[in-house]
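Consider the two complexes below, in which chain A is the common component and chain B and chain C are the respective partners.
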Partner chain A sequence: MGRESHKMKALSLLRSRICDPKFIFKPLHDSPDSNYSKLKFMMSSSITEACNNSILLLGPRGSGKSAVLELVVGDLLVEYPDMISVIKLSGLLHSDDNCALKEVARQLCLEHQLQFSKAASFDDNSQFMVAMLKECGLAHKTIVFILDEFDLFAQGKQRLLYSLLDAMQSITSQAVVIGISCRMDADQLLEKRVRSRFSHRKLLFLPPSMEDSKSILEHVMSLPVDSSLPHDYAVEFNRKVQDILADRRFKETFNKYLNFDSSVKHLLRFLFCAVSCMDLQTGFLTCENFETAFSSIMRQPKLECLKNCSILELYILVCMKRLEVKEQTLCNFNSIMKEYKNVHDSFRTSDYYARNVCLKAFEHLINRELICFTDNRGHSSSVEFRPAKLLISSSELHQGLKAYHSCPAILHKLMDREG
Partner chain B sequence: MDKEQTPKIARRTTRSLASASTLDNALTEVTNCASPPAINHLIVEGDPDVDREGTPQIPRRTTRSLASASNSDNVATKVTSIDPPTINDLLVGGDPISLDDLISTFPGRRNQVLELVRLLGPLNSPILPLFVYGGPSTGKTSIILQLFRHLNRPLVYSSCSTCYNQRILFESILNSLFLHRKSAANGYSNAKRCERPSDFVNFLREALANLINNLKSNSEKSKSNKMEARGTGNMVYLVFDNFHLVREWDKSSTIVPFLFNLYDLLNIPELGLIFISSTSPDTYYANMGYVEPVPVFFPDYTEDNLHQIFLRNQANQKLYSSFLDVVLRPFCRITRQVDELFATFKSLFEKYCEPLSDNGVVPSEDMKRRLFSHLKPHIGSYLNEIFKVSFPPSLELETHKETKRKGNPKKLERYEEIEELEFHMSTCAKYLLISAFLASRNPATLDDSLFDSTGGSNSRKRKRKTSTKVQEQKQSAEEELLMKGPGTFPLERLLAIFQCIVSVAEDPSDEEDQRNDGLGIHGGNGGLMSDVLLQLSSLCNANFIIKGGSCAIEGSTRYRSAISEDLALKVARSLKFPLSKYLYRR
Partner chain C sequence: MPTIAKRKVAKEALSETTAILPEKTASDVRSDPNSTPCKRKLRSDGPLIMDSPFSSPTKWKSPRQCSSESPNRAVTAKETVANEGEIKSHKSPFKSTQDSFADKPKWNPKDGEQVRTVKEALHVSTAPSTIVCREDEQNMVFEFCKSCVEHNKAGSMYICGCPGTGKSLSMEKVKKLLVDWAKQAGLLQPDVLSVNCTSLANTSDIFSKMLGLNQTQGKKTSASPLQQLQSLYSQKSSSLNMILMVVDELDYLITKDRAVLHDLFTLTTFPFSRCILIGISNAIDLADRFLPRLKSLNCKPIIVTFRAYSKDQILSILKERLRELPYTVFQHQALELCARKVAAASGDMRKALCICRSAIEMLEAEIRESIGLSEISLEEKASPRQNLASDPDHVKQEEFDTVRIDHVALALSKTYRSPVVDTIQSLPHHQQIILCSSMKQFRGAKKDTILGELYRSYTGICKSSMIPPAGILEFSNMCRVLNDQGLIKLGPSREDKLKRVTLNIDETDITFALQGIRFFRNCLQ
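So, the complex of A and B:
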């Protein structure tokens, strides 16, 4: 039991590490030119010098923008207690200006133990925000606004951004606005009046290089030697991890995976799957775990979907493909049925079913999203007449038919003929 | 098999009724015991929930609705008592189930179950969002729910088909997280009013913080007294079923990326998210990205899997197995969905057993051959009617209606309507239907010649002339009919045709009381004409006639008939109306 439990503990530890972005990005910030140091310098200088600032953090999704910011803010909160209050907004939630200002007011009230009124109007809230900025400025307290998904705030009339940045123009206020976006052109989305008030500081977050990814992996996967875990177990575990890292097969898989998308979040997903594959009997990671993880993440949904199809559904797909090759402008159920009948007439297939059965198969295909209607009229006209199109490419269909173990030979022939 | 099936279904309903109508468990147990001995082996299995979940033969919708109610099952039974809901209500009810039992209840799903177990991990270990996907009736929901029963961890299940918009989804999740139960005392109100994602996130944070604290203190307690062998852990899992429906909610939406990003937004490691969808992850196009969740794929059942599934809970395993050997292969060429096959196999098995006097007999090779030759002629016709089973007016109808709803409601319902047409339609509506059909099928220019007795010869003359150009025209017109479907027509034309065919039809009929002169006929027409617009609108509502947009030039609304020729002929036959005479054949 004792041995089992420490393996379990190790597994839990690894999983909680992977799910904790702060842990992942911690080792990345020692160097002076890392984004962490830059951001921290910018923010701490605007806190200590009591000035206004605005920064954009740009980079692909999952490259650790928010995680690094979180780390910086956490550190600053420790360094300058009672000098910062943080307001967090997300474009996904607060892209509506009204709603965003309300949220700002709510968080400000929460921070300063004030009574928050739900009924307050946009004007009230915006006046409240300006007043609070002034008050905080007088008290030498910096308000940090974090705007996640910054590009979504730039969608409408940008009233929030305007009132925020406008309030920051006065010397009395003291605030830092930090926008996070995965759109590189996020600052181009701003209106002129907003852009001119924005100080164009940008920090670019790049996905880690192959070496960095490896060091992240090592950092995440190595167990602490000096913890409650048995010492020799942890040492053995770390040795195995090193072995895996040196393995040629693993390197191939790892490269293949990172070629697809090298962002940190994507890497973590891979590690999560690998860790969850870990055999609790032995309690060690193996190379196979990573390979299983690779195959379970890198799926080919369309081919899987084709494998699920019944023979009749394959017939319909092939008929649609033939129609497409014939360059018919429009294709709907009726024309497919005509083609299906033609195929049957010329080849005498054993799979000839009644119209309503085919219609149902057609609907299955729609549900599988292998085909879709091209009009969006909804239920106004009946299914038979609505134009449809294939959602898979010819090569995918070819591949799918080849992989289908009991696919009738006639279908291959029909596909090849069109080539 | 059939005899056995019916009481099982009946029992099922009693259970669902019981859970719905706040009867207590004791009463359901009584009904269980009183049920015929045929189902005893299910009870002997000891675990009503296992058989409820584990019989994929029963159309899936029922099992799902029951399964989703599994925590409300507890709730309903407890309503009579006053004690407030506890965290235990978030656990999937029922006796503990071992992993081996779980795997054996779901034939062919071993890999998926094990993969899910691995991903969910040991107690109190955080998890990245999961994305479970696979075709309909592949056991996604049942396996997840049963797995949580096995693991004994709290989950909040919400199906996006019952919670059909954002607000209802949010509120139902919050209700279960706040351990809030709608009742007469609180006026069946929700725990929180919540419409926007921003409010939802705030409330969710609050609720989860409370709940997780609760869970933590609970697990501390159970650790100290060691009474409970199975701790519930600190994790809370949110399950979103039918997630593919969310895409429809709001076309230019942020709701899909919002829910996918929920994990990052909340940043609570104790939260697990599981999305269940019937379409693959690549069908979730969004104009803004998200870090994709970890995929878990449920493939459709293979033929062997289906064999095992259909053999479950059969009285005579040998006999049914030989039946399946015969029928499974041809039917699998059409569909491999359990719910659809189930309906057909049921009646087909009756056919199969017809020559047998005793259904309990173990079939010999010779008998198998005999039975096969008996069945063989029927297979072909059943293959072509696989989705067109005529249902006996029983409880089953209910369940089938539900399965149908998800497919294509229009098409299937129409089959039913064909059977019941005679009873539901007035004569006027039938005439209206026919005239709409004619108006859609025939070109408007021919109305004159078709309905005017003097014009008939004209059209015939035209028909006889067939030059190549006419032939071409004919072909293109045919193509057009195939592509565009029936033509549209204004209301005036419909009414004119209606008037004509009613007068024609009533003229020669001898059974009709008022024949004689034109005046009398007019009187008769008046009766039929009186509520014709009312009938028209009801036909539109029933989707027999489709009301299109108004034409820009003419400005009037145009209609289009949606019925097939078969149906039109059937209606005409019931009226003894010579429809084919009026159909313009190209």
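So, the complex of A and C:
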């Protein structure tokens, strides 16, 4: 048991690293060109120079905008302990102006230990906010407004945005407004007077390039050599990781995976899956772990469904496909049976089952949602007369048949007939 | 080098000395707004300034006689102390200004205090002491208000202009001028009420705000605030003074039946009305579109248009802000480039100020980078002590003095360039293929398609280039990601395959972004 425990420890260390955004974005701290340093410089200069600023963080979902912002805010709260208060709003929850102002007032009250009254009106709340801004400006305290889902605040009359950005135009207030959005054209959504007051600083969070992704992987997967883990084990582990990275198969899988979505979140999901597949007997990662992770993430549920179908059900699906290709508009159980009989007659197959067995198979397919009825209202007619359609595309059917372990050749021929 | 703190002290010193001056000069200026305020004051204050306890910095050359017609030399006496030599040497921007820049020493961008001062001078929230390039408009408004107050008549005025053209700023100035003038002229001082219509929960709250100022009756009547005002203005009462109402963002008062806007403006037509109404908005034709009835009532508001700033105006405003600093911060061409680009784009002064501050930050970033590099090189050298002594000198010799034209160019491109091209270039491969296939679909007259069709086109491209296509689930995931980023637009539908797809960006952007990759060039043929 003592020998197993360090492997478990390594596994839990790797998993905790992947789930910790601070660790992932740490290597970016050092380069002065990174978004982290730019954001930190902008915010700290606004705080020290007491001038108002507004910044927009743009990037696809999962590219680390909120994570980097949390890091920066955390660092600033440590550096300037009493000079910042943070107000967080979300476009999903607070897109209505009344609601948003109430939330701002509530958070301000919370920060400064004042009494908050739920019955305060819109007017009261906005006057309170302006007064607080003035007070904090006099006390040299900066208020940081973080607006998540910024593009949702830009719907409607944009009153909240206008009042926030307008308050920053006066010399008495000291505030920084940071908007986070995944829409690249978020600032085009603003009205022209709001856009005029916005200071147009944008930080773009682009997904990392292939090399950067590899370096993130290396950074996460390398075990620390001088920790509580046994030295030899850690060194061996790291060597194995380097071998994997140089492996051609791994590179192919990795590239294939990142060709669909190269955001950091996607990459971390892949790593987590792979690390969880690690064999605890050996305690080392292998290339197979990554391939398992790849196939488990890139699932195609309909193909898996097809794998579990019986041969009769496959026949029914192929018949429906043929009907579609022949452009027969009516496709219900009866017409499928007719087609099935045709196929049997022309090819003399051995699989010819009775009608009630086929009906059972048909209902199975309905349950599994590989086909569905097209008439959603009026279940007046019986199952055999209701029109049905395929929910699986022809290419998927093709693929499924190819992957089927004992698919009769006749089905392939029938599918290929249509091309 | 004088810093802000010292300048403030000097301000006080001079204000005491100006008190000794006869009242005439101050009121002279204020009651004669035809001339640019304080323009002529400088010469009369000349001898006074020489006595100031503050001596001018030693590096300045001898002051030159300046022409008195320069419109942007208008500055109050308070600001002149530390800049005494430099004011006289400042020429109008319409003439060549290379000389005036040569007069002032260059700033040291490594000095945090100076950087802070400059940034504060260029910040949007710092109201300049005088507002240049808006004298005509200010005069018009001021004359109008003056005549209303003098004749005890009500009136209305509508100010329109693009954002960032100095409307609210000028109104602040006019308010102050009016109150001071009324005090000077011994008339009843008008009350001033500023309302920003975005802060009103209900459009009719504006009337209660007006009443709030007019706190005459203590008794509660059952009539609405509007009716109270209307009854108030229908009776003669000599005790009321005029109200100057400045209503900002007037278009927020527009309701479906336009009642509030109409009622507000018709309040000025009542026989004993006491309010001078000034509405500010962005729409040029607001008065024509929404207040047609006023013309028949003969009370159409006077319209003052604040046109967008031209390049020269922007340049002169920027120079005015920078003039108060005792050192040159920008190269002349840099400021000109900024002014030209902003004037061509929107004529918005806030943008110009933002870009200048951005350019300063570029310079700061450059300095930080060079410091970082020089530190690295110093460490790497591991040279004996004598070399180390000379190396810092070498670092200092790098001229980081003024903000150059390339800094401004970088700031301009950051502000005006949309991130679309960068985004497309950094998209993963398959998402780029999706964009290409949508472009191919929309080549003809068709401008939208459904997801199923797009999938077919996408698989076609993939198959022709031997790339395994993604399944339909992964494909719709990728389309959703592209929709979130605003590159394509997905319509709602119960079924995934039937969602409508439209391109949200320009096709030329896609072509430009992907032109470097041969695969896409062939694909888009």
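The definition used in the following text is that the second predicted complex is superposed on the first by the 300 of 419 C-alpha atoms of A that agree within 3 Å, B and C clash if a C-alpha of one lies under 4 Å from a C-alpha of the other, contacts with A are read in each partner's own complex, and residues count from 1 in each chain.
The rule we apply is simple: a residue touches a chain if its C-beta (ideal position, glycine included) is under 8 Å from a C-beta of that chain, and two chains touch if they have at least 3 such contacts.
None of the values given here were measured: they were computed from a predicted structure.
*Asks:* Now for A:Asp166: first (chain B), second (chain C), both, or neither, which partner does it touch?
*Replies:* second
*Asks:* On the A-aligned overlay, A:Gln155 touches which partner chain: chain B = first, chain C = second, or both, or neither?
*Replies:* Neither partner.
*Asks:* Could you tell me if A:Arg368 is touching chain B, chain C, both of them or neither one (first, second, both, neither)?
*Replies:* A:Arg368: touches chain B, not chain C.
*Asks:* Quick one: classify A:Ser295 as touching chain B (first), chain C (second), both or neither.
*Replies:* neither
*Asks:* Tell me the contact category for A:Glu103 with respect to chain B and chain C: first, second, both or neither.
*Replies:* First partner only.
*Asks:* Thinking of the overlay built on chain A, is A:Thr282 touched by chain B (first), by chain C (second), by both, or by neither?
*Replies:* Neither partner.
*Asks:* Please indicate which partner A:Ser227 is in contact with in the superposed arrangement: first for chain B, second for chain C, both, or neither.
*Replies:* neither
*Asks:* Once chain A of both complexes is superposed, is A:Arg193 in touch with chain B (first), chain C (second), both, or neither?
*Replies:* second
*Asks:* Is A:Gln242 in contact with chain B, with chain C, with both, or with neither (first, second, both, neither)?
*Replies:* neither
*Asks:* Touching chain B and also chain C: which chain A residues?
*Replies:* Comparing the two interfaces on chain A, one with chain B and one with chain C, the shared residues are 61, 182, 299, 301.
*Asks:* Can you name the residues of chain A that touch chain B in the complex?
*Replies:* 8, 11-12, 15-16, 18-20, 61-62, 66, 90, 92-96, 99, 103, 106, 149, 152, 182, 263, 265-266, 268-269, 272-273, 276-277, 296-297, 299, 301-302, 304-305, 307-308, 310-312, 330, 332, 334-335, 338, 351, 353-354, 356-357, 359-361, 363-364, 367-369, 379-385, 387
*Asks:* Flag every residue of chain A that touches chain C in the complex, lowest number first.
*Replies:* 32, 41-42, 45, 48-49, 51-52, 58, 60-61, 98, 121-123, 126, 151, 157, 159, 162-163, 166, 168-171, 182-186, 188, 192-193, 195-197, 199-202, 204, 206-207, 209, 258-262, 298-301, 303, 393, 395-396
*Asks:* Taking the complex as given, what residues does chain C use to touch chain A?
*Replies:* Its residues touching chain A are 115-116, 119-120, 123-127, 162-164, 196, 198-201, 205, 249, 252, 282, 346, 348, 350-351, 354, 358, 361, 365, 368-369, 372, 414-415, 418-420, 422-423, 426-431, 459, 470-474, 477-478, 481, 484-487, 504.
*Asks:* Which part of chain B faces chain A closely enough to touch in the complex?
*Replies:* Residues of chain B touching chain A: 115, 118-119, 121-122, 124-128, 135-136, 196-198, 201-202, 254, 257-258, 261, 264-265, 269, 278-283, 288-292, 294-297, 299-300, 332-337, 340, 383-388, 407-408, 410-411, 415, 482-485, 543, 546, 548, 560, 562.
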